[in-house]
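Presented below are the structures under discussion, each in the form of structure tokens.
Below, subunit A partners subunit B and then partners subunit C, in two separate complexes.
Up next, the complex of A and B:
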């Protein structure tokens, strides 16, 4: 793994200020979008839903990035925490009539606790073994959701249907537009928190553990407590993403959270760049884009190159993964950063 | 009681499959220090190749022989082409490549042969014999095949110069290279052998679980569990672990059934099989990471 651009001290670097202004501007523009479009239908509700889903996946990928990219632990099972978050939101809203805003902290706390507890035994595992334990988790979760004694809560294979909340205060927004705003606000908060975490002392400890666990330990960092906590935080992020997904997608079922979901989150992280915050956004966009268009794209590709067999989205996934590991181990964000560095040196 | 014996017998039968998968995993692990997450899908793909040959009218055993050869070459090629350039890459990169392979094989099989469930013929004659009330002919055959494979591999590694070279390359690549072992090719050979073992496992399990692209996911998890129980560095231990996990799985279902009948409380059943495997994996990894028969490796820092 390549070293990340160090979260630097708050210097008066002009490039930094430009980036900050740019980010704030982009976020404000995105937030203004639903109000500008209003009910005119220039951007359809469906598109807003797609955008929301991209942001949701970006939060999930960010969670995995914190664990994998910044703490060096591999997880193939983050779909499990996504499922826990989604079910928490769905059950609370549907069965107990809880306000959807309140489900987010509940999902967060629950996922943090489960992630922390799962991280405790996983502490003793490294690399492949951790991947294996989480791989098992990802495969077993749909079965657990169908467990007979959980059925009164989870509604078994049938899953739970939800209703998307309407915009409050009489705002002239459709529920899709409103939820886009909600998701955007949550995402900004989560990314801001992640950035501050990485810039703090614990954040540097996390990165030190990734770079050399032993050395970090000799410097007085409680590596096992840190690792378990980071696992919990990572699960928290993914859990919140899951809760948001349940609310905007209006449906949860055990089979929406199969192994494929864990893979999708991992692919998003690798494509975007595991040790990069902007990479998480690229990853989230990629995950949703592939989910939506991979079928059509692979069909076109099959016809274009006259393949005798039908290509499937997963084939593209697999090839993308392997090729990226070769040519851009730092993902798209890492690749762009490298290009930019080269460009600056020339100039 | 009779039911209990029956459960143990069928546990041994499915354990034979887990043992084969575990064996394949151990082979790659000892050769390369990697856990191959694509092992199950590779085996599934090979099984489809075998099925296709049988559909074209080739008798079972020649078809299986061809499949084994095909899988061997496929395994060697994957190592040479895809994994060789990543020799010094991080664990994350390797795991990601394995997941990529998994996705490719899974979707290719679905694309070529469709996702519909297919029947796979059993090579063993359907005869009745003493004790056939407890265990079917195919089950006996599976157990026999996995034991034969184990002894063949054990003999190969123990008595042939090539086997010795492979062990040397895995245990100490630098010294092995100094005494003239072609370490690079030994790794590729390890991959080939593992793929071949996987192909046999696939062909043996397909008559039981039917042929479909998803057939190996849960079996792979059980194979992992078996390999870990026995010790991931020990082939014989892995085979034993595989059998043990198979029996354990059936006993859990049996006692789950029993408690439901006698106490009317449902605790665990067939629906929780994968969860049981997950618990085994996590328990072994945390309580006894080296497994029952594995060596504890000490890392020098």
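Up next, the complex of A and C:
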């Protein structure tokens, strides 16, 4: 009975406390990393950029996870919101000289509004149809960015070049190290917000809609409004990820945000683990890792085992994906959890 | 006294297909009414039409107010609790969260607490399983949860869609016994759809028989139970 009357009461669950300590410890260690490395070059600026990109994709995967994993709506078009966020940041910084921090809330609001408005008609669509409609969005947005009459703003196919911001307050950090910190801070805030959302009433309503939309309606939940709002929030997350990407990558162009990006975010969500917050981090790492190394790894593998045929760059990606989905249908996060449960039963 | 629920000329559609062809019936306050009929007669559709879960046409008044244009969530908040076919468990949430979901729209905190105690008094087993993930409950427990969730809306009318479906006879007996108590003690009126006609006619006071989307017979449950045609078609003896 007490559990019901006092929902906010702290729980004495030791496993949860360990997890919390672990997460805080890891974040603090990550945050200390740039300061420890400093100008020594033990970890290169390029590696910091790679780490930042992983975190950026983790935010995007988290955004899609809120929609797909926790609300049951599928999207093959979230790359579009990533693009909108990225261009918002690029245009504001380059054309209007806005501080890069301020571009984040603007990208967030803009993507929320677009996501919400797109989510409204999309309510009538379910499953395959929603997938197709969102896919259309992913196809259309890069083309719209190339549109002639938008060129004064978007600079057409040429895209927009940016300058990475320097570390403020005379901190002895490189731009890449500083932006790693920025991205980390934003990511922590976004994950914290997502966790709190999911533990709140609206969060439980989101999950109820995923589990059984009709029953959720008969429980007095306004399912339409919820679905559109979650679409907006999901787009907001991806938009912020896009804005961060533009800032740290110092470049946006329509072809950076082709539909492959939408697929990559979805793959990241599924591989990491649908409806899992840690899964979103794993998914982010996977998206960046694959994009960067699938090509090189395929070549290396071809040489290493003296294959008689030449493997195409994405072969390894495909094989990895098939193996992962068969071995760990619950994503990597789900697979690890299952392994851990088995280990504990044995022990 | 005006009936609690009055349905007249109700039509319902799945896409372009008309599934109900002008159904009319009424439900007295405090009563238990059952809808009988073969598969495809439109029983489930009737409940869904009342809750606004399917496209509908016609007149539905609940406690004197028209609800035929209201949204599903509005109808629920007015006190019509739908216990859906297949139980509609929110499998990813705990038992406690399933129960809480229903009370989101309510402002009366003391009332919510009272209803929770009421739920536990009817289904003490749910209290034991409060933190369990609802998807891991047995079928019978999930049906208990579905009814409890409906109770948490503090309803005046409960729409029950095949509460006996797929459950062992002993569990069904237990659940029907508690439904009778809920009706008598909490004063919740019920509209019951059942394949098991004998069970339904035992519990209900009024019955309507549906055939392909229209009412073909109605009357006091006790009377229908002794009707030869009903016996042959639905009771099987």
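Going forward, the second predicted complex is superposed on the first by the 311 of 347 C-alpha atoms of A that agree within 3 Å, B and C clash if a C-alpha of one lies under 4 Å from a C-alpha of the other, contacts with A are read in each partner's own complex, and residues count from 1 in each chain.
One rule holds for everything that comes next: a contact is a pair of C-beta atoms (placed from the backbone, for glycine too) under 8 Å apart; a residue touches a chain by one contact, two chains touch by 3 or more.
Here the structure is a predicted model, which is why all the values come from computation and not from measurement.
Applying the stated contact rule after C-alpha superposition, one finds that A:208 touches subunit C and leaves subunit B untouched. In the superposition on chain A, A:222 makes contact with subunit C only, not with subunit B.
By the touch criterion defined above, A:274 reaches subunit B but does not reach subunit C. Once the two complexes are laid over each other on the shared chain, residue contacts for A:289 go to neither subunit B nor subunit C.
More residues of subunit A lie in contact with B than with the other chain of the pair subunit B and subunit C.
Once the two complexes are laid over each other on the shared chain, residue contacts for A:131 go to subunit B alone; subunit C is not touched.
Applying the stated touch rule to the two superposed structures, the overlap between the subunit B and subunit C interfaces on subunit A comprises residues 1, 214.
Those residues of subunit B whose C-beta lies close enough to touch subunit A in the complex are 34-35, 37, 82, 85-86, 89-93, 95-97, 99-108, 110-112, 217-218, 221, 224, 266, 269, 271-275, 277-278, 281-282, 285-286, 289, 301.
Residue ranges of subunit C in contact with subunit A, taken from their complex: 51-53, 71-73, 76-77, 81-82, 84, 88-93, 96-102, 104-105, 113, 116, 120, 127, 130-131, 149, 153.
Against subunit C, in their complex, subunit A makes its touches with residues 1, 3-5, 7, 201, 204-205, 207-208, 210-212, 214-223, 275. By the touch criterion stated above, subunit A contacts subunit B in their complex at residues 1, 68, 72, 74, 76, 121, 124-129, 131-133, 135-137, 139-140, 143-144, 146-149, 214, 259, 263, 266, 270, 274, 309-315, 317-322, 325-326, 329.
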